[in-house]
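The following pair of complexes shares a single chain, subunit A, combined with subunit B in the former and subunit C in the latter.
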Partner chain A sequence: MDDNLKIVGKRVVRSDSYAKVTGSALYTADLKLPGMLVAKVLRSPYPHAKIISIDVSGALKVPGVKAAVSGFDAYGVKWGVFRYTQDHAMLPTDKVRYIGEDVAAVAAVDEETALEGLSRIKVEYEPLDAVFDPVESMKDGAPQIHNEYKNNINIHVHIDVGEVDKAMAKAYLVREDTFKAAGEAYAMMEPYAVVASYANGYLDLWMPNAGPHVRAKALSNLLKIPLNRVRVRHINSGGAFGGRSEVAPGDLVASLLTIKSGRPVKLVLSREENATSSRQVHDIVATVKTGMKKDGTIVAKDYKVIYDGGAYSSTGPIATSIPFYVYEECYRFPNVRYNGYRVFTNKGIRGMYGCHGRAFLAGNEAQMDMMAKELGLDPVDVRLKNGLTAGEMTATKSKITSCGLKDTIIEASEKTNFKKRWKKKEKNRGIGMGCVAIMCGFPMGFRSGSSCYVKINDDGQVTLVTGLVDNGQGNESMVIQVASEVLGVPMEDINLVNADTEVTNLDPGAYSQAAAYVGANAVKAACENVRKRLISIASEKLGVPESDIDLKDRIAYSIKQPDKRMPISWIAREAFFRGEPIVATGSFFPDIDFEREWVTRPWGQMAGTFSFGTSVAEVEVDYETGKIIVPRFTAAHDCGRPINPMAVEGQMEGSIQQAGIATITEGNMWYRGFLLNPDLLEYKVPLACDMPEIDTIIVSSHDPKGPFGAKEGGLTVRMNAYSAIACAFTNATGILFEELPLTPDKVLNLLEKNKGVK
Partner chain B sequence: MKKEITFNLNNEETTVEVDPKWTLLYLLREVLNLTGTKEGCGYGECGACTVIIDGKAVNSCIFPVLEAEGKNIITIEGLAKDGQMHPLQKAFIEKGAVQCGFCTPGMIMSAKALLDEKKNPTDEDIKEAIEGNLCRCTGYVMIIDAIKSVAAGR
Partner chain C sequence: MRGFEYYKPKTVKEAIELMVSLENAKFIAGGTDIMVLIRQKKISPQSVVSLRNIPELAEIDTKDGLRIGSCVTHNDIDKNEYIKKYYSALTDATSQLGSRQIRNVATIGGNICNAAPSADTACPLLVLDAKAVIIGQDSSREVDLDEFFLGPGKTVLSRGEILKEFIMPRFNENTGSSYIKHTRREAMDLPILGVATRITISITSGNEVRCRDMFCTIDSISNILERLKDEGLRCEDVRIAMGVVAPRPIRAKKAEAALKGKIVTPELFEEIGEIAASEAQPRDSVRGEAWYRREMIKVLVKRSLAKSMDRVIRPDEAIYPERLW
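And then the complex of A and B:
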């Protein structure tokens, strides 16, 4: 069937777009329930302080305030993704650890009353010394943020493969550099919002989330309510990018308030609160030491990377590891040592970003170019020489099953005339290349797989039930397209019921890049089971063998005698008559080594497959003002077979904005625990006029286990676009960057420090 | 103290009691249930709340509600006519200009104000018209394509 696809691989209109262009698509803040209250949160004004007391009784005296809560009304449970990272109470009772932390909350009949209620809450604090820099935080004598973690080291990931020191000693060329990068703001257009409604022991919740099942599980733990009484429901999400993966403090706040008041509660964060108190991206400092042979072969890598983890563990071990893994899944490292430290500071809670670790990736790639230049080689050849190929193992023992890395390097470099332009560059202009691999899923225990349930209704229309979630990237439309292909019915005949924890089965969610490879594979499996039943009945009714039957345009027909045909709706009715309606489930569970653990056993198969990509940026550097202009950006991506090329290109273009242009504009700025740019005027999200000319290339490839050969689509660009810009800057100026973002002030400093460098 | 105002909303004369403290966005979303217009920031930086007032694209989140008196206001809900989508809505769908969709209504309203004013906008005109509308998903490429295709098709 693969060779003769009817709709998979076609540029189809997304199923969710009609509602979104007419304004009828509902997002959390649009919801209105009868008797619904408005919630507001009282936040910590201190970066670090002991809580002496919290008294919410004053709020309750305000007419119209229906509930007021603090951590003392919660159940004493702390959240953490892992058993060893459970340190986040969401509403603390011992001390506050960042400015903007949730301390107490009220629910009232309207916003004004809620704010009046907040003003009556009394909190007594005893301010403590705070620490804001992760390097300072690791030193002896620094203020201790959590008692359990010595030197504020939350997580230490240590990987040691081969004999790094020996290989380094024998290398022809060794170079060590240190790079820094400010964390970014997710700046999703929809500020965080949650609606919670509790009645008769059942809790319903709506919020933008990238994994409804993991969210429900976290709330079930925090609220001590069984899973089948905590229902996270489907709602549109105005962007996630990694920032909607974990349970949010607001989820607990809204839940406690609805339980207390017995009325539905809506909490909508302001733009500033979304920046200070939802999640932020890790700032990092990366030291990269590389040993190369004379021919450009990498013989050893030695890393020390410090992640500013903010106040709590969050996805700690994963966040501390991912930047390294997406790099080792791309290049061959016979000897490698990685020491990743995630360190607590008195800053906001952190999460994964579609591309966190930019200093790490961009630093590696820009350093590689400097070394190539020294050896008289060019970046294309060095990348081709060191790039992994299908069948190889990564340093930490993940097998690469399909790999189009080489094709992406060649196509992107040929399209941009890279080799020639890198060597003979024009004045103040440069070109640079970044490569990366992305794991399509990662170990999440039994939550790593997905299941789907399909039924054919008596009019032949299809209902698809899956836990898969869409944060705007097009996952919903993707699985409808897959089902349409398998079942031979148009996309508009398929109704999707998804991302609702009470009616769907487990799904890993959208944050481990698993939606296409895992979620769509489960949908395909379920639809194939339905297809078998449809064909079996059609074969019997039409009197032709099953192998002679195909499904197309709502019809089952004989391939050899096309006049022998019957509508799928008739088959469905026949099945109902037989008391065996056409329903089926299907599941997909990726080949992952579940012995693998992020800290204690960092080796084994990471994911079922990996996507690959190469980005090429062209830059102009203004030596007078320090401003970098990006006239053109080219990205090539191996996403297996793209299910909807238009959707993949959209992801790639968005990534060029969010990671590529971000290299020169975006970064959170801090002063003693205050986020200085929590809004969209000071935090520079690129505008239409900031965007370069863009060329996206999807290289043709086919993953043996992906649904119709598909893999993750789009994220490689989000990870390697930084590298491309940083490398182009190096090519233009001869200077290695030290710190991202490359804003004019930092560029001028670099130019001044390196005067005379060619 | 509430006050009565009258204005034309999506081709219908509308009279409502408002609190002078409200913004137009509050009236649209919370009172009139027109939630297609989104609030992304609340102070005129992101453009998600864009509506058209007397032919101009305006951030409704910083537009005092009393100023709506006597005005002609169009929101995303008022674009389709007789069950037919506006050409911009169709183009946004067909060109893949919609991802998470949160900026989409505001983006379409800014584009409409531009196309109503200029017959043949250049690429620069389009970029300028939507420079107050932030999008975090698309890189703007397909949005600009969609707007261009409508301009070219008339």
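And then the complex of A and C:
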């Protein structure tokens, strides 16, 4: 069936487009429930302080305030993704650890009353010494942020494969450089919002989330309510990029307030609160040491990477590992050592990001080009020489099943005439290439798989029920398209019921690149089971063998005698008559080594498959002002088979913005624990007019296990776009970047420092 | 955000009377500055008096020089071909101010009365010798724009006074002006630095400038000027204004004096940049550090002067040369 696809692989309009472009799609902040209250949160003004007392009684005296809570109203449970990282109370009672931390909250009849209530809450603090720089924080004598973690080291990931020191000593060329990058803001279009409604012992919640099931479980723990009484429901999400993966402090706040007041509660964060108090991206300092043979073969890598982890653990072990893995999944490292430290500081809570680890990845790639130049080699050849191929193992023992890396490198470089332009560069201009791989899913225990339930209604229309969630990337439309292909009904005949924890089953969520590979595979499996039942009845009714029947345009028909046909709706009715309605489930569980653990056992199969990509950026540097202009950007992505090429291209284009252009514009700025640019005026998200000419190249590599050969749609570009820009900058100026973003002042400084370099 | 009373007077007189009689009231034009301040709780007026329904404030008159009503929107200025040709610096500013949505409602009067050091129309108006026409309860006065700003957010307007319009003279034929807004994004950004210049030149060699087209090339200014050297271009009159380098938009008067009457050379431009930089007192801010701003003054003063000259030398060519800067 694969080679004769009717709708998979076609450029279809996404099922959610119409509602979104007409503005009729509803988001959390749009919800209105009868009697709903407005919540506001009192936040810590200190980066680090002991809480002596919190008195909310003043707020309750304000007419119209219906509930007021602090951490003393919670259950003393702390959140952490792993058992060994449970350190985040969400509403602290011991001390505050960052400016903007949630301390208390009120729910009132309107916003003005809620604000009045907040002003009556009395909190007594005893300020403590604070630390803001991770390197300082690791030193003896630095203020201790959590008692449990010595020297504020939250996580240490240590990987050591082969004999790094020996290989380094024998290498022809060795180079060591240190690269820094400021953390970024997720800057989702939708600031965080949550609606919580508690009645009769049941809690209903709506919020933008990238994994309803993990969210419900976390809240069930935090609130000590059984899982089936915490229902995270479906709603549109205005962007996640990694920042909506974990339970948020606002979820706990709104839940406590609705439980206390007995009325629905809505909390909507301001743009600034979204930046200071939802999640942030890790600032990184990466030291990269590489040993190469004369022919450009990488013989050893030695890394020390420090992640500024902010105040709590969050996804710590994962965040500390991912940049390394996406790189080792791309290139062959016979000897490699990685020391990743995630260190606490008195800054906001941090999470995973779609473009996680830019200092590390861009540093590696730009350094590779410097070494290639020194050896008289070409960056394209060096990448092809070191790039992994299908059938190989990564350094930490993940097998690569399908791999289009080579094709992405070749196609992107040919399209841009890369080799020639890199070598004979024009004045002020540069061209650069970045490569990376991405795991499609990663170990999440029993939550790594997905399952789907399908029913055919009596009019032949289809209902799909799956835990899969969509944060704007098009996952919903994708599974509808997959179901449409298998069932032979148009996409508009399919209704999707998804991401509602009381109705749907576990799913890994939309933050580990698993939606296509795992979620859509489960949908496909369920639909294939339904298809078998449809065909079996049709075969009986039409009197032709099952193998002769296909489904198309709502019809089951004989391939050999096409006039033998019947509508799918008749088959559904026949099934109802027989007392065996057409329903089926299907599931998919990826081939992952579940012994693998981020800290204690960092080896074994990471994911079912990996996607690959190559980005090429062209830049112009204004030597007088330090401004970098990006006239053109080319990205080639091996996504397996694109289910909807238009959606894949959209993801690639978005990634060029969010990772590529952001290399020169985006970065959080701090002063002693104050976020200086929490708004969108001073935090420079690139705009449409800042975008280059874009060329997107989809490289199809049929994945043996992906649904119709699909893997993942676009994340490689998000992970390698800044490498391309950094490399292009190096090509233009002969200088390695030191710190991202490459703002004009930093560029001017670099040019000044390196005067005479060519 | 706190609520407030909203008034919609139909005449300037009515607006002034309201403003005098109401407690803690503020004028509102496009609202794109004032609403931000209210949300940030920097001000909390009890009443706002809208100027949007007063037709005489929204007029552009080009009969004798240029008169622009205070409530003319940036988009109205942007669309005006006459302004684009003869007061180009102003169009440079309005075409890049905020975004289309902002330009549709935000006004030039609001931009100036808000008196931000970064106000984009301030430098162009300064170099175009604009005067502000101010109407009070029973008086009116004309103030040079250079006298209008007192500090960040502070102007000479007193309570009850309204800024009616700006008036600008007609300039000599060989005059060009430009504004360069130095930003990190192409839109929705406030300048790290803004520089406007206006220059009137005469060609002392008497001939038509031979190398007109060199401005079309992407070449460094010093190279362009080097070739223009033989043409004997003399600066007859010049204005240079800078934004975000002091508590208010300022003129670089020493640099102006050093250029006026001289033949244009690369060395001279270099010197003018240095002098202008010495007249500034830039600060460190989130948007840019002082040292960077100072360096950029040197670059942008040169570039803006070159761009203004380009508009004299190639009046019929694209008013916005497609070049690196």
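Quick note on the criterion: the second predicted complex is superposed on the first by the 758 of 758 C-alpha atoms of A that agree within 3 Å, B and C clash if a C-alpha of one lies under 4 Å from a C-alpha of the other, contacts with A are read in each partner's own complex, and residues count from 1 in each chain.
One rule holds in what follows: a residue touches a chain if its C-beta (ideal position, glycine included) is under 8 Å from a C-beta of that chain, and two chains touch if they have at least 3 such contacts.
This structure is a prediction, so every number in the text was calculated from the model and none was measured.
Visitor: With both complexes superposed on chain A, which partner does A:189 reach: first (subunit B), second (subunit C), both or neither?
Guide: Touch status of A:189: first partner only.
Visitor: Based on the superposed arrangement, let me know which partner A:681 touches: subunit B (first), subunit C (second), both, or neither?
Guide: Touch status of A:681: both partners.
Visitor: With both complexes overlaid on chain A, does A:30 touch subunit B (first), subunit C (second), both or neither?
Guide: In the superposed model, A:30 contacts subunit B only, not subunit C.
Visitor: Considering only the touch criterion stated at the top, classify A:689 as touching first (subunit B), second (subunit C), both, or neither.
Guide: Both partners, subunit B and subunit C.
Visitor: May I ask you to decide whether A:241 touches subunit B, subunit C, both, or neither, giving the answer as first, second, both or neither?
Guide: first
Visitor: Using the superposition on chain A described above, determine whether A:646 touches subunit B (first), subunit C (second), both, or neither.
Guide: first
Visitor: By residue count, is subunit A touched more by subunit B or by subunit C?
Guide: Partner touching more subunit A residues in the overlay: B.
Visitor: With both complexes overlaid on chain A, does A:658 touch subunit B (first), subunit C (second), both or neither?
Guide: Only subunit B is touched by A:658; subunit C is not.
Visitor: Contacts for A:21 in the overlay, against subunit B (first) and subunit C (second): which applies, first, second, both or neither?
Guide: first
Visitor: For subunit A, which residues lie in the overlap of the subunit B contacts and the subunit C contacts?
Guide: In the superposed arrangement, which is not itself an observed complex, subunit A uses residues 680-681, 687, 689 for both subunit B and subunit C.
Visitor: Please give the residue numbers of subunit A that touch subunit C in the complex, ascending.
Guide: 112, 620, 622, 624-627, 664-665, 669, 676-677, 680-682, 684, 686-687, 689-690, 743-745, 748
Visitor: Once bound in the complex, which stretches of subunit B touch subunit A?
Guide: It is residues 29, 33-43, 45-46, 48, 75-77, 79-80, 85, 89, 92-94, 96, 98-105, 108, 126-128, 130-131, 133-144 of subunit B that touch subunit A.
Visitor: Show which residues of subunit A lie in contact with subunit B when the two form their complex.
Guide: Residue list for subunit A touching subunit B: 11, 13-14, 16-27, 29-30, 32, 187-191, 236-239, 241, 270-271, 471-474, 646-647, 649-651, 653-658, 679-681, 685, 687-689, 691, 694.
Visitor: For a test of understanding, state which residues of subunit C touch subunit A in their complex under the given definition.
Guide: 2-3, 182, 184-190, 192, 220, 286-289, 292, 295-296, 299-300, 324-325
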